[in-house]
C-alpha cells in the first residue's frame, strides 16, 4: 500500500485536522467534532444554507467546497462511508440561519438514508430542510431510471449553482428550483484505469488488467458499463461524449460548461489532452464551450482515471455559474 | 503503461494544444510555435520580463505559471527534456518589453546550457538578459556545493517573488536581487513512492520495492539520498524537515511560508496529513507559518510522493509573496 | 424466563457484539462477493459501540433501543449500520414505553423495524437483504404459542431459512445491485447478520 | 581525396545519421547504466533532423555547420544534443569562412568544439564525457602528417581508445554524476557517440 499516512484508522480525522490547521480562518469543526465542518468566516445573515455530507477520500469533494458562494457545512464520514444521521443533524442545526437548509448530496444508499433520518430529526426541532440528490452519472442507470443514478463530479456544479443562488439571498424554494433545473441539464461519465486502496482495507477496491480500462466507473470503484481494452485519449473521450450526448442531446449553437476531472492519480497533462478532444468533439457538432474546469475536483484517492461532466447552459445558469465562489480548495477567480 | 494519451510522441504538443484551447484569453503560442508560450493578456508596458523553460511532464510547472504577477513566457521541451536554445531565444525576444528579461529556471544541465546559448543569442540582438538558477533541493548536493543543487517545487516561490517584483515595476537589478534573497532563504526536499513513465520510453524511470521510499528524489526520478523502508507520514515529514532545518536553521519566532507539494499520484488527503505534521513540527520549535500552499504545484506526471518547501520570510518577502498572482493554473485569490 | 427485562436486553446486545466479532471474516467474505467487503468490520464496530455507549446507562427499554441504534449508526461505517439504526428506531417506536418483552412483543419490535426500513429505503422482502431473515423470524415470534426459549429457537430457524433463501435471489439494493444477475448464487451478507442476531438471542436464552 | 568540400561534409552527416540509427540500442543501453537511457533515441533523432533541415541548403561550410548544430539542438531531447550544438557552433566559429577542409582543419574544428563545450559547461577531459573521445582524435588530426584517409583512420583509433578509457573514469557531469563511484566500470555513452562520429567519417572516406 503506497500511501503516505499514519495509522489507517486515523486517515480521515488526520486529514480533517490538517485542513483545519491550514485554514482556520475559513473552516471550523462544530463543537470540536472533526466530522462536522462548517464555515468559519462570516456567513450572510438570513441566507439559505447549503449543506452536504459524504465519505472521505474524494478531496476536494466534499468538504473542500465549504466556503463563500458554495457550501455552508459538510458532515464527514470515514473513507467511502456515509457520516451518521446524528452528525448530519448536528451539522444542519449548526448551519441553519433561519431561512432553511438545502441538503444537496450525491445519490448513494448510505447518504440517502442518513440524510432522510437527519431531516426527520431537524423537522422535530422545527428546522426547515429540503433535500436534493445529485444523480449525474449516465453510466449507472438508464435515462428511464435516472433517479437511481449515482453522483460523480457533477456535484461541484450543483453546489456552485445552489451556493450562488443562496448567496444572492434567494428563498429556499427558488434555490431548489434553479438547482433542479441545473441537474436536469447535467450529465457525467468517467473511466478508471487503476483501483484505489481504502486505507483500512489495505487492498485495491477492484482489479483490472494492465491493458484494460473500466468504462463508467463510479468514484468508489463501483463497476461501470464495461471493461474495455485500453483506448487512446481521443477514443476514450469520444466514448464518454457519445454516451453523454445520447442521454442529453446537444445541438449546434448550444452552450455548455465542461469539467474534465481527474480521479486522483492521473496527471494534469492527460486531462488537458482529453480536454483537447472534448473541445474538438463539441466543435464538430457546433456546440460552444461557455466555461471549463480542468483538474481534480472529485477524486477517489490515488485512482487513475478521469470523468467528463457537461452542464448545458442558459442565461439563468450563466449568472449563477459566474458568481464568485471562494473556498480554500476552489475558486473561480482565475477562470 | 496506464496513461490516457494518444501517440506517445504527441504527448507534449497535445498537452499544450489542450491548454491553448482552454485558455486562449490567457496564453498563446508565439508565432504558432507550440514550444513557445507567452501571455495573451495585457502585459504592463516597460515591465521587466520573467521567463522560464524546461521539459514537459511537470504541470503546473512550468508553463502553468505564465500569467499576471508570475511569468511572461515559457519555452516548453519534450517530457523531462530541455527546449532548445533557439526556442528559448525566440521566447526571450517575444517577451522583452525593453526593461530586460530575467531567465529564472531550474538548475538542470540541459536547461542551463540552452539558456546560456539563448542569452548569447539575445545579447547579439541587444536584448538585455539576466539568469538565475533555482537550486532548492537540499538532497541533491551539500551546502558547500549549493550551486550544484537541482530545483524542485521551490521554483514556484522563485517565480512568485520575481513575478511580483517585476509587476511592481522594479528595475531588473532589483528584481534579481530580491529573487536571489528569496532563494537564499528557500529549501526543499521530497520523497517518492513510485516512479513515473515517460510516454516515449514506456517504462518506469526507476524501480523501487513495494515497501520502500526514495528519500530525496528529484522530479525526474534522479536518485535521492537513500532508499528507506516505508515510513509513516509523520516520520517522513520529520526526516524531510530535519534535513531542511539542518541546512537552514530556523529559530523560535521565525516566520515561514510552507509548501506541501504532491508529485502527481498522491491524494490531496495525504498532503494534508503531511501538512498536519509540518505544522506540529514547526510549532514545537516555535516557528510561525505565515502562508501555505498545499496541493500539486510541481509534479512528475503520475509519480506518487511529495515534497516540502520552506521559505523563510521577512517583511520584504511578505510584500512580494502576498502580491496578486493569477494564472489559469495558480492564484492566491483564495489563500 | 418468559419475559426479557432491560438488563437481559443489554446482555443480549453484548452477546450480539461477540457473535459479530466471531463472524467478522465470514461477513467480510460474503460482502466481498458482490459488495465492498466491509460488512464484518462494520457490524463488529457497530455493535461493540453499543456496549461502550451511554445507551448502557439508560433505564428504559425504548430509550435504550433508540440510543443503541444511534450508536450503531455512528460507529458502523456502512449501509447496514444505517439500516439497523433505522430499524431500531422504528421498532422502539412500535414498542412504546414497555417494561418487559415477551415473544410477541419481540416479534412486533422486529416487524416494526422491518417496516421502518421498507418505508424509508423502499426495499421489500425477496430483494436479497436483511429483511429476508428478519421478517420470517418476526412473524414466527408473533404467531408463536410456545415459551420464550422455544419461540426464539423457532425464530432462529426461520431466520436461517430466510437467509438461505437469499442465495436464489437477485440483489436490487446497495452495491450488490450493480452485479445484477451475477449476484444470484451467493448468500446475502445482510441476511446473514439478521440470522446471527437471532442466533445470539437464542444462545443467550439457552444459558439462562 | 585530400580535402573535404561542403558536399562531402553534408554526405558525412548523412553517414553519421545512419550510424546513430544502427547504434541506437547500444547507446540506449550505455545511457541506462548511469543515466536515463534516452541517448540512442536522442542522437538518432538529432542527426536525422540535420539531413532533413534547411542546413542542407546552405552553400557555405560555416553556415552549414551552424544550422546543422541548431537542428541537432532542436530535435534531440537530451543534454548531449545541446552539447553537440554548442560544439558545432564553437567549431564553426574556429573554422571561419573556409571552402575546403583538410585533416588539420578538421582537427581544429573538433578542438574548437571541445573548447567551446568546456568553456560553456565547465567540463574537462577525464570526466567521463564525449570530450574523452573527441579531444584525442582532434589532437591526432592536428598532428597528423598522413593523407586524409589515414589521418582519419588514426583519429578514429584515438577516439576509440579515448572511449575505452572512460570505463575507468568517475562521472562528474549530467545524470551519471548522481551515481558517483557506481559509474566506474561502465563505458560512457557520450564518448561512444564521439567514437561513432569518427567511425562514420572514416568509413565514408574509405568508400570514396
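As written, the chains take the letters A, B, C and D, and residue 1 is the first residue of each chain.
Criterion: contacts are C-beta pairs under 8 Å (C-beta built on N, C-alpha and C of every residue); 3 or more make two chains touch, one makes a residue touch a chain.
On a predicted model such as this, the values are computed, not experimentally measured, just so you know.
Undergrad: What is the chain whose Cα centre is as far as it gets from that of chain B?
TA: C
Undergrad: Based only on mean CA positions, could you tell me how far chain B sits from chain C in angstrom?
TA: For chain B versus chain C, the centre distance works out to 56 Å.
Undergrad: On a C-alpha centroid basis, what's the spacing between chain A and chain B, in Å?
TA: Centre-to-centre distance between chain A and chain B: 30 Å.
Undergrad: Averaged over CA atoms, how far is the centre of chain B from the centre of chain D? Could you give it in whole Å?
TA: Between these chains, centre-to-centre, one finds 33 Å.
Undergrad: Out of chain C, which residues touch more than one other chain, so two or more?
TA: Residue numbers touching two or more other chains: none in chain C.
Undergrad: Which chain A residues sit where two or more other chains touch them?
TA: none
Undergrad: Specify the contact topology among the chains shown, as one of line, ring, star, complete or other.
TA: line
Undergrad: Sort out which chains touch which and give me every pair.
TA: Every pair of chains meeting the touch criterion: A-B, A-C, B-D.
Undergrad: In the complex, go through chain C and note every residue touching chain A.
TA: Touch list, chain C to chain A: 36-38, 41, 70, 73-74, 77-79, 82-83, 85-86, 89, 120-121, 173-175, 178-179.
Undergrad: Using the touch rule from the top, collect the residues of chain B that touch chain A in their complex.
TA: Result: residues 2-7, 11, 14-15, 17-19, 21-22, 56-57, 59-60, 64, 67, 191, 193-194, 210, 230, 232-234, 236, 264-276, 279, 292, 294, 296, 299, 301-302, 304-306, 326-331, 333-335 of chain B touch chain A.
Undergrad: Applying the document's contact rule, which stretches of chain A touch chain C when the two form their complex?
TA: Checking each residue of chain A against chain C gives 55, 77-78, 80-82, 84-87, 109-110, 112-114, 116-117, 200-201, 205, 220-223.
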